[in-house]
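Presented below is the structure to which this report refers.
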Amino acid sequence: MALLLLLVLPVLGAAVLGVVGAARRAPEINAAFSLATFLAACVLTAGVIRHGSLLLGAEQFFIDPFNVFLVALTAFVGLTTALFSRPYMRVELEHGRLTAGRLRLYHSMYQLFMFTMLLALTTNNMGLMWVAMEGATLSTVLLVTLYRTPGSLEAGWKYFILCGVGIAQALFGTILLYVAAGKVLGAQGMTALLWTHLDAVKGQLEPTVLALAFVFLLIGYGTKVGLVPLHSWLPDAHAEGPTPISAVLSGLLLNVALYAVVRSKVLVEGSLHSELPSMMLMGFGLLSVVLASLLLWRQRDIKRLFAYSSIEHMGIATFAFGMGGPIANFAALLHMTVHSLTKSSIFFTAGHAAQKAGTQLMERIRGLITLSPTVGWGLMLGSLAILGVPPFGVFTSEFLILTTAMRTQPWAAPILLAALAVAFAGIFSKVQPMVFGETSGRRLAHPPALLPVFAHLALVLLLGLYIPPYLADWYRAAAHLIGGP
Amino acid sequence: MISQSPTLLVGCLALLLGWTAIGLAGLLRPRSVRLAGRVLFPLGALLGFALAAVAGASLLGGGFERLVLPLGLPGLPMHLRLDPLSSVFLVLLGASSGGISLFAGGYFRAGEGAAPGLLCLQYHLFLASMGWVLIADDAYSFLVAWEAMALSSYFLVTTQHRLAEIRRAGFVYLLMAHVGALCLLLCFGVLQGGSWQFTFAAMRAAHLSAGWASAAFLLALIGFGAKAGLVPLHVWLPEAHPAAPSPVSALMSGVMLKTAVYGLLRVGLDLLGHPLWWWGLVPLILGLFTIFYGVLFAAVQTDMKRLLAYSSIENIGVVFTGIGLTIVFAGSGLQAVAALALLATLYHSLNHALMKSLLFLGTGSVLHATGERNLGRLGGLIHRMPWVAWLTLIGTLAIAGLPPLNGFVSEWLLLQSFLFADHVPHAFVNLLIPMGMALVVLGAALAGYVMVKFYGVIFLGQPREPSLAHAHDCGWLERIGLTWLALGCLGLGLFPLQVIGALGSVTTQLIGTRVAQASAHWWLLAPVPGRPVSYGPLVFLTATLAVVLMTVLIVRLAYRQRVRRAPAWDCGFGALTARMQDTAEGFGQPIRHLFQAFFEIERELPAPADRAPRYRIAIRERIWKMAYEPLADAVERLADVAARVQQGRISVYLLYSFITLLVLLAVALMS
Amino acid sequence: MTQLPLYQQLLDSCAALLLLLSFAMLSQRRVVTLVNLYAVQGAVLAAATLLLAWRTGEGHLYLSAVLTLALKVAFLPWLLHRLIRRLEIYWDTESQLNVSGTMLVGLVIVVFAFALAQPITRLASTATRSAVGIAVSVVLLAFLMMITRRKAMSQVVGFLSMENGVLFGAMSASYGMPMVVELGVALDVLVAVLVLGVFFFQIRERFESLDLHHLEALKEHE
Amino acid sequence: MSTLGWITQVLEMVVALAAAPALLGWVNQCRAWLQNRRAPSLWLPYRNLHKLFHKEAVLAENASPLFRIAPYVVFGAMVLAAGIIPSMGTRLPLVVSADAIALVGLFAAARMFMTLAAMDVGTAFGTLGARREMMVGFLAEPALLMVIFVASLISSSTALPVITEHLVSGHLGLSPGLAFSAVAFILVLLAENARIPIDNPATHLELTMIHEAMVLEYSARHLALIEWAAQLKLFNYVCIGFALFLPWGVARGHIGPVGLLVAIPALALKLAAAGGGLALIETVSAKMRVMRIPEFLATAFLFAVLGLLVHVLLGA
């Protein structure tokens, strides 16, 4: 029931907003739908916490600790982002960067995007998951080009083509999976793509084919995770689209894609019994961390900066999943959570900052802390949090990941160390002058929505100091599901 | 001897929380100077004294107390522990922060950077996090507190963030702090030794191979060295300490650096258990170099707070030398001597906390009264601000290592332990020792030079600027704070025996023995094992006073002549102007001349026939050009290379995906 | 060699045809012809599907064949042609790599693809498993084509034919996918093309052309 | 602490006070003879002091209390030092609470006050002198300490009497380490007491003077105290030299009054000899430029360190 609501509400919202999306109260409607979705997610989560994993809808849907926490997270960030986009989009409208029609498009696509995310998370069918992922791309690509600026068009085009091509590889990988599974589960069984069944028989699947399948899936979904060198679309799409979309792309889409990668890794590892998948993940992870942290030094656009930091953090999480084992997986899941919370909040503040300064160029944004202390402190704290400074939650996960790496993969530890240091210098040297110093900028008609920002930061802070036991158990269960060496 | 009821520990915890509460209270009326200055800071000072008392009690008791809070990571709740080692540093924190907070109460005024309330919050969070570092008993909470400390101090440093160089200072500081913290993180990753328990107890229990242990020690050295300002990781220090408001500079130099010392002792001697002797050589050599380096640069500074910052580097060098000796001795089985060296280390930490705070606060008052940090514009303040001048004089003499003040005691102990170094069964060490002693002694002498310059140029002579004429002495809160610290210097100087007795439990904890007191007298310090050496500051002082007073008396009695005031003679030269006296640059000139190799000097000399001759000299550290700037450039270049990857053409991007796909497929086929 | 049954020969010839078509597309520079080739590819795919459906009697294969016909033979080509006419783009500029070079690379890729297909072929139980290699190479060739082309339109066609290849792979390796997925995929493709349509007009109204070198502004390397 | 000990203690101080000016006078006499000049009377220094004590003291207007305290501190420090150094006996009560390191500290303290006082009035010469004095100091002090450390490594104690006793019981001849440090010590002695070639006590030529430049602003009794302190300093240094290198003749505790009776003439003899030597050195060497002083002292420092090295390498 909750699941049904969870999936239907966004579709409904998309439909409704498709009609009234330009109305004066449309942002509120948008927020209301997101709220309802979030409540549904809560109910679902509560159910899972109480009764454990569920199989629903003729086995087509499967909720286990691993995806339910992502569902909750997705719904939550969806809600806060909707809240944030209320004043933000109004201001954009008044600055004439948008027309009413595009606002309608924005709202309805926003809901659609939420739907595809949730579908991808909750479905048990690898094929459907693929469909949803593709849907996610399609629903956001027009949002990236919302401003119709040359930059946004270019970004949209790259986003579309690269992710489209990638996702096609993922489809091929799915097919290979299907083939391999068909051998075991009986070819024509509808069950041959159901993750639960695959998981049950993963031991008997044919290794080589699975290895190939994994490669295709990794390339496919990895493109959406933004793993170097498949990442090229990411910074452009984040920087050129409207800020709420950057927030959900960074905060949600990447997570969901990573989720898909991990699901496939679980299967493949089960059949391969070899280091191959772990090695691939670790390699991609390290490469992403290193390249992203280097490129951070060259950024001039605030949203691009944080887009690269997203690549870096996805790299860290991927690396951790690659290492595997209860602690690393735990840390990786935690990292996904805190990263999406922190990063979206950063994008919120960055959006406000850019609106105040009237530009996204960092050298033109100065002295936020004097212009509007809340935004300034929000950006400062958010950046510190994302840089892994305690007592914020990002530090917690990085603590676990680095210590694990030091013991199990000593060769990687120094690389990570250097990369993190470089990233720190890169980001902080740019954030500090934006927050401090003499100000430049203007007051805005609509007061910034700071509730989302500080709600996120508070959560991250909480996770840094104290992880509620049930949450911890939940992570542990998920980590156990993922397994690994 | 684990006491079951952790009363003292709970006390400490309560006090730390009290500090946090005070800080938050500051936000009630952030703009009110009265609230922060007259109420909150003095309150914080009281808590500081209380903390010192509680910790002192636990130190004398020598007991171990543990406590577990239901916070932190799942499966890793926050462990707290109060043992002699942490107690010592808690005393240090409490005692010096007490004085500093009192001073700060009178110091912070309206309209200086951030709002007083905000400052109050950051200040007390800083204090609390330092305390937390000292009682943390597991890696996670230690690191959290550690970084919280760095963070709060960073915000304090950047109080006046409108100045570009202060922003730069803050940035360098936080960067170094973070890198250091990452090293510590890896260090703990090694220490947990595969047990995946991050409590210090588990780390003590873990058995590491020599290789892993050495790796852990070196990582710890880097991490803590970066925080302590060990050359070559010191670059942030002379930038950050002057940038902060003076009470904060005092806290950072006096107390925060010591948390790094604590950390190294904790890891090197406690967690790692039995150190290898050669570990000690690294901090020893680095420490010696740091002494020399720091004091040289202190001697050529023209900004009084930078001068003090460099002198802090020098003193940290002394402390690390002590640590190095301790480890060398302990590693070679000379426990008794190791205890002596450890004693010297701890003693010097305590001393430096007090005297450096005193001096920084002194400069703070001068800064307030004159608005000048540049030695070239000060002078003659002893007439205008007698309180500050005379109290600072005590600090000056103490840090110059003159008997019977406290600086001398620790130098004395250190040299005594050095004299045992020929017992170490390693020829290399034996060779090193004379050099070591030479450097320590030379450092001490140069410190004297620096301090004469510091004091003489600021407080003596004639005012170099007319504006100094209406400098005012500091307020009563400041006076109390300064007096407290000055008394501390005297006390530590005059009653070393009692202090050492209190420190005994620490040496027992870390080395396993306590130094034997060879003499029965309560006033005589004779800690050196098996050697007829002793030092009695009280007698020393009384004797000196007696002789001096007698002289005064006799002179007065025998020859009653009146004293006439007249213009200065100055060897019969004409009218005396302030510009005739030696400047700070001039005073540093011999050092600059002697040790040119160390400095990167750019001079601006006046031409012979110059109407308005102007002389300017700027001194930088070579290390920037030699190490840090090349590093940054290297990263820049790498970034350029990386940027080539991202060159805009979608077909190239597709090519990346394509190649990746083919390669991975090939790999998958191979395996 | 033993005489293969007729349908088998037909299927194999379809597969061969597909491969041939991919090469043709790879070399073709007239956009209109490109679209036509795409349509033909769709037709061949549909034919193969029908054949297979008739052979195995799989219900959903008929359906997917119909889908293919409707979508890839009729609708999409029509749409693309309209776009071409509306946007007046008939020729692609000289491709990044000259035709013969592209061909050579293509050949290498085909070899690689067959090597790749071996384990799959061994595993698959279908009558058509030998065609998997073809499917893989169609995919990779399409990929190559997207890399080498400079006009947005030809990239799109490449994208679509890659998707054809994937479907062919699905069909030949395991007689297609479950219905849900098939429908989903078809839907996605449809939406994708519609989105693309919108896109083209947006790009067009900005840049007065669909040449990709307009879309190379966002980069790190100056 | 036997009464004898206290007697020795006081006696040492008194003797030092009494003999210090004489020593200076003696050095000057010898110098004069060596330079074929008519020698000034041996009592000239006493007369100087007496004269100065009778003059009226003139203070610069902006002199702070520090300026007036300094002479007394310096003087007191020197007297106390005289009490610490075992010039005649080794059973000195004071020594228990002040070893050689403390002694050097005492000298440092005196120097610090002297220089601070010199900077107090803020004249060109005062600050110049202070700077030069500190420049001499920061190289001379460590050298002195290193010299002492050689001895204390030999006798494993930093308490001068212990060292002396250990050396007197001298089953060892002059060890190579000690030889090196003896050279170093002589150099330090010259530098610390403002003798040629470092400084010329007889000129007020601003290019060269160090000690004199610092005391320019002093007059009358303050000046007297300072002069006396300077003479005491010379005396003390010479005595340190005896304690380290010519310990013979010093009364070792258990001998008792007799020992003291022996010690006094022994000391006198040694002093006479040392004075002669000092005069000789001063005569044959020429005053060197101020900028060369560091090299001179660096040599001393080097010798001291070498001494320590040699000792550790051969002795240990």
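Should a chain be cited, it is by its letter among A, B, C and D, assigned in written order, with residues numbered from 1 in that chain.
Heads up, the rule we're going with is that a contact is a pair of C-beta atoms (placed from the backbone, for glycine too) under 8 Å apart; a residue touches a chain by one contact, two chains touch by 3 or more.
Owing to the predicted nature of the structure, the values given are computational and were not obtained by experimental measurement.
Asker: If you walk from chain to touching chain, how few steps can bring you from subunit A to subunit D?
Answerer: The distance in steps between these two chains is 2.
Asker: Based on CA centres, what chain would you say lies at the far end from subunit A?
Answerer: In terms of C-alpha centroids, the chain at the greatest distance from subunit A is D.
Asker: Counting only C-beta pairs in contact, which chains form the busiest pair?
Answerer: Highest contact count among chain pairs: B-D.
Asker: Which whole number of Å gives the spacing of the CA centres of subunit B and subunit D?
Answerer: 36
Asker: Averaging over Cα atoms per chain, report the distance between subunit B and subunit C in Å.
Answerer: Taking the average C-alpha coordinate of subunit B and of subunit C, the gap between them is 70 Å.
Asker: For subunit A versus subunit B, what separation do you get between their C-alpha means, in angstrom?
Answerer: Here subunit A and subunit B have centroids separated by 44 Å.
Asker: Distance-wise, how many Å sit between the C-alpha centres of subunit A and subunit C, to the nearest whole number?
Answerer: For subunit A versus subunit C, the centre distance works out to 31 Å.
Asker: Residues of subunit C that contact two or more other chains, please.
Answerer: 116, 119, 143, 146, 155, 215-218, 220
Asker: Any chance you could list the residues of subunit A touching two or more other chains?
Answerer: Within subunit A, residues 157-158, 161, 165, 169, 208, 212, 235, 295, 298 contact more than one other chain.
Asker: At which residue positions does subunit B touch at least two other chains?
Answerer: In subunit B, residues 640, 642-643, 645-646, 650, 654, 657, 661, 665, 669 touch at least two other chains, as defined above.
Asker: With touch defined as at the top, which chains are paired up in contact here?
Answerer: By the stated definition, chains touch in these pairs: A-B, A-C, B-C, B-D.
Asker: Considering the complex alone, what residue numbers of subunit B touch subunit C?
Answerer: It is residues 640, 642-651, 654-655, 657-658, 661-662, 665, 669 of subunit B that touch subunit C.
Asker: How about subunit A: which of its residues touch subunit C in the complex?
Answerer: Going through subunit A, the ones touching subunit C are 60, 125, 127-128, 130-131, 134-135, 138, 141-142, 145, 148, 150-151, 153-158, 160-161, 164-165, 168-169, 171-172, 174-176, 178-180, 182-183, 187-188, 190, 192-193, 206, 208-209, 212, 235-236, 239-240, 295, 298.
Asker: Can you list the residues on subunit C that touch subunit A in the complex?
Answerer: 58, 116, 119-120, 123-125, 136, 139, 143, 146, 152, 155, 159, 162-163, 166, 169-170, 173-175, 177-178, 180-181, 184-185, 187-188, 191-192, 195-196, 198-199, 202-203, 206-207, 214-218, 220
Asker: What residues on subunit B touch subunit D, complex-wise?
Answerer: Residues 379-380, 382-383, 393, 397, 400-403, 408, 411-412, 415-416, 419, 422, 430-431, 433-435, 437-438, 441-442, 444-446, 448-449, 451-453, 455-457, 460-462, 523-524, 531-540, 543-544, 547-548, 551-552, 555, 558-559, 561-571, 573, 576, 578, 580-582, 586-587, 589-590, 593-594.
Asker: Give the list of subunit C residues in touch with subunit B in this complex.
Answerer: Residues of subunit C touching subunit B: 96, 112, 115-116, 119, 140, 143-144, 146-150, 155, 212, 215-221.
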